[in-house]
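Chains: A, B, C and D, in written order; residue numbering restarts at 1 for each.
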Amino acid sequence: MVIADKVLSIQFQKTAFLLPENSGYVGELEVVDIGMELSDNLENIERMTLENDGMRRQLRPRPRYAHKGTFGHGLLVAGCDRMPGAAVLAAKAAMRGGIGKLTVHSVKSVCQTLAITLPEAIHHLDDNEQYVSRIDWNSLPENINAVALGPGLGTQKQTVAVMKDILDTVKTPLVIDADALNMLAENKTWLAFLPPYSILTPHFAEFERLAGKPSDDFDRLERAKQFAQRYTVILVLKGHHTVITLPDGRQFFNTTGNAGMATAGSGDVLTGQILSLLAQGYPPEHAAMLGVFLHGAAGDAYARDNDPRTLIASDLPEYFSNGILAMKNDEWR
Amino acid sequence: MVIADKVLSIQFQKTAFLLPENSGYVGELEVVDIGMELSDNLENIERMTLENDGMRRQLRPRPRYAHKGTFGHGLLVAGCDRMPGAAVLAAKAAMRGGIGKLTVHSVKSVCQTLAITLPEAIHHLDDNEQYVSRIDWNSLPENINAVALGPGLGTQKQTVAVMKDILDTVKTPLVIDADALNMLAENKTWLAFLPPYSILTPHFAEFERLAGKPSDDFDRLERAKQFAQRYTVILVLKGHHTVITLPDGRQFFNTTGNAGMATAGSGDVLTGQILSLLAQGYPPEHAAMLGVFLHGAAGDAYARDNDPRTLIASDLPEYFSNGILAMKNDEWR
Amino acid sequence: MVIADKVLSIQFQKTAFLLPENSGYVGELEVVDIGMELSDNLENIERMTLENDGMRRQLRPRPRYAHKGTFGHGLLVAGCDRMPGAAVLAAKAAMRGGIGKLTVHSVKSVCQTLAITLPEAIHHLDDNEQYVSRIDWNSLPENINAVALGPGLGTQKQTVAVMKDILDTVKTPLVIDADALNMLAENKTWLAFLPPYSILTPHFAEFERLAGKPSDDFDRLERAKQFAQRYTVILVLKGHHTVITLPDGRQFFNTTGNAGMATAGSGDVLTGQILSLLAQGYPPEHAAMLGVFLHGAAGDAYARDNDPRTLIASDLPEYFSNGILAMKNDEWR
Amino acid sequence: MVIADKVLSIQFQKTAFLLPENSGYVGELEVVDIGMELSDNLENIERMTLENDGMRRQLRPRPRYAHKGTFGHGLLVAGCDRMPGAAVLAAKAAMRGGIGKLTVHSVKSVCQTLAITLPEAIHHLDDNEQYVSRIDWNSLPENINAVALGPGLGTQKQTVAVMKDILDTVKTPLVIDADALNMLAENKTWLAFLPPYSILTPHFAEFERLAGKPSDDFDRLERAKQFAQRYTVILVLKGHHTVITLPDGRQFFNTTGNAGMATAGSGDVLTGQILSLLAQGYPPEHAAMLGVFLHGAAGDAYARDNDPRTLIASDLPEYFSNGILAMKNDEWR
């Protein structure tokens, strides 16, 4: 067994260098440019890293003659009386991510918290004060064009019924996180009903509940591929290098982010960020890739100004701007 | 049909270049100074852009021997239990806009939110906990000199009666926004009772409900002119280039602002800003023009420090100061 | 009648130049140094301006081997259900002003607001949820060494009784502001029971209720002098140049501050600031003078970084530090 | 009796120079380096100062392939209806200190406050709305690996029973502060049941209640040594130079911090900071020493940017990052 001090990787990082299990064997990693051309058309390459050049091109200019309708109207179904924070973090991220309007369907206490911390959010109150129990679709704004669910929802029986109702009702791609993933894991037959190109954002433990325990890191990647292909979904497998798997099986390793982001609520922010991009009209693949990349870029921007140990999830939406500016100026790497 | 790469406009921007429908045909726009003198007396020119030189002159110095009474006492009638955020945004903008005192008439939950987020505001509580149902004029401070209504009010039957009561009671120009505009659209006979020089701030959809669907952008401008003249009001038609129409029919295109401001709550901030200027004693025309110009200048100041995609409405009052400083230093354009 | 473009004042500003009524006649004011020596011993001079040199000397270094007890424990009696903001502003100012501990006696809703906005404050809850109705002295911490009352208290009958109870119980100098001043004006016999060297902080209208309507600005100064001497109190008469009158009749014109501070809640901040200094052991005269000077210095520090129009009272405690640093570095004038 | 203007101390500060009682006799203190080597192995030295070199080495890098589980899950038992602030300050410090997850067991009003001020925290609600009355261990997350208790708890009978329950249940070192110390002082037989290497953080008065009144500063140090040895605990005796006593009797004087930190809530922040380090897997001795050192370093970082008089406890977690950066860059001394 070799434990390398330094590893040279030809033209791009090989998959093996990006996996947690190998982190102990890969010392300082340097990518050596030997002049290979990487086509913009990535269709023939199975596993790639997300790089700033490509991500920056995905970032759309905001049209001048826009109004808030131009940037979409997202619905976030999140939070319960005992877990209000996750909904707040996701909502802030959605607003800071550039969405036109955000409606949050949640319980009273979450809405009271939002009134104070995010006056820009529109409230859609559940009848139940403890947990989300029913969505009255008729009273929702008509122009909602993207839906995310999961952060802080809990898994009460009535909330499970709400999730089923959403699957029956919403035909556009969903963003599914946290307790919504747990509800899916408990009701695996529902996987077949997910709108195509829905974006699921599990961490390792949540993915195991969905797709079984992998034998090693490569097997986890393989399971992710099979899962995304089988259910025609986009799988965002969160980790140090978050891996995005598209329905065609291609896999993308994220290259932004740092260990300071391994902190409670970080994932809720990502959910809000992806919802935001989806509502703004980004195709689901771009919403997932760009969301993950920007989320990490925000964390890296924080780490440039601060010691990363001190990062808390609330910092991330506040650093979206610096993360985007770093991308634009290519100062970021 | 010509799609121009570059457009030269003689001395000032022609109206056609400022309309959304033409945005696809106008490439880079350059204004060519051929030495025409624009008189300060604008009476003979029908459509003008708001420029920094003129706006800066409207901005009054704050007299040294002032006390908070010098800067007026505004009343904001806004908010309901399910929409507390709009009232908070408008109230913050009013305070940051330089008003001496602000009283907010609203429901209990809005006042509780204000206690936390804007301790400077004075509360005037409605008896109803869900929505604004009645204003007890006797218990209001006597020195109130400007009134705005609309943000987050809802359109409950009793709230509609409150609006009628305000029209019957208040003789000074009102600022009317959001749900108050919707109530007006439902009760068009009330338009005749608006105090002269009231300021209405509809976006395109709200204006359609008030004045019918225009055939094109020029027709919208024409309808705005007729509306302002007929009801002797100032119409602030919100869009990329917000257009202010005075009761004499003159129209002013705003030149500040950016697409980052196309975000929920941005309009509530404008309402608070205009109320603030009105209470400070600015004539209604100046309050409307300066309010719109400063609102956009604040957004532009945000965009100089940040990526504009990340702007949320709460940022605007915090950037009023930078917007004003940019105006003063003429750094802003 | 001469309206001067420029006024030269020999060695220091003459009183007449500092009065509001004369502000229209005094243009640009320049103080000409002709080499007169102003003694540190001010006893023989009746009216003086507060200058940075003297104020800086009053500012005590914070001893190294200090603990929070060293910096006193203040009691703030303030706020009611309908006016929670004033108590919050005064409390923040007290904490930012350097006090060791602060206990706030108030109603439940004010304490809930403080929990969110100033977790450092200790709560002492009134039994009544609407307004302050009774202070249980036995349950208060024993080490309280300074008391302020008034901001947002209201003037309910039971609150009036609490004020009387405080006058009967507290033997150290009180800070009295806002509604506490109004209660005094309604119960002028209580003036005789004020602990000597109590600090009263009326604005012009509040002072009129206490001491009658003055014929002009000079008469107001004369009434202030008589009032302070008669009741052995320190009178802080708030205005553009706030005037501090000591029990020996000497009067000091403040020279810090700006028109941006003419905004709701500014006075509540001053009350908290003076309470803070009193609790830290400053003699009442110094607490009053230094409090007023620092309050204005904070406003001036804000105005150096921002357009002063946008100042709200919450900004002032956040600028205490910059105000003090400017004093120390003498950058401030 | 000599009152020195300047004191030279050979190679390191002698204990006598660090004690409050002697502060009046020690003027400017200079440490003279005579080339003595201080071994990293401190076992033979009884009393030492904490210096940046050693503390910086204790600070662990954050591993790249980390997830939030890597950084532990702390439980904070704190707060009651009348004292919500202390729990909030401790919780913020724990999160900013780099912990992976934090669960707060407290009453409803504290949790509502946390939802607004720290959405990252997980709530574990007590059945009682006034004070902590019972912990349902079964409903707590299983991965909790560090527990702190005390800030703002109160000493209600049922809360005392909760403390006993914690002592009976938790086998890992506890962080014990504030009211938990007072409960220990009232129940001294419980001292024998403290998990070894628990960290107690009394100020002088709290320590007196635990270990009796010392005759002088040296006797206090001696009592601290005996206490730590007898109960196998780490004693953090808070003061200008906080002294950490290890179970083997060695004592460490902290060298960071300033008089601005003598303010309400400062100790609650320290409790959260130590809990954070403990949960991240630092050995209890390092958690105590590093926590105290960083707490002071944060205060010193505040004092570099601001006048230290204006420091409030909420500032400290926000300055953790600057404190750590100063340590890393050795800019700090």
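Going forward, contacts are C-beta pairs under 8 Å (C-beta built on N, C-alpha and C of every residue); 3 or more make two chains touch, one makes a residue touch a chain.
Keep in mind that what you see is a predicted model, and the values were worked out from it rather than measured.
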item: Steps needed, at minimum, to go from subunit A to subunit C via contacts; value: 2
item: Interface sides of subunit A and subunit D: same vs different residues, half threshold; value: different
item: Rotation angle (°) superposing Cα atoms of subunit C on subunit D, nearest 5; value: 90
item: Distance between chain centroids, defined by C-alpha means - subunit B, subunit C (Å); value: 37
item: Centroid distance [mean C-alpha coordinates] between subunit D and subunit B, Å; value: 52
item: Of all residues in subunit A, the ones touching two or more other chains; value: 116
item: Parts of subunit B lying in touch with subunit C, wherever the complex brings them together; value: 62-68, 70-71, 95-102, 111-112, 114-116, 118-123, 125, 320-322, 324-325, 328
item: Residues of subunit D that touch subunit C when the two form their complex; value: 20, 23, 82-86, 88-89, 109-110, 113, 116-117, 203-204, 239-240, 258-260, 262-266, 306-310, 312-314
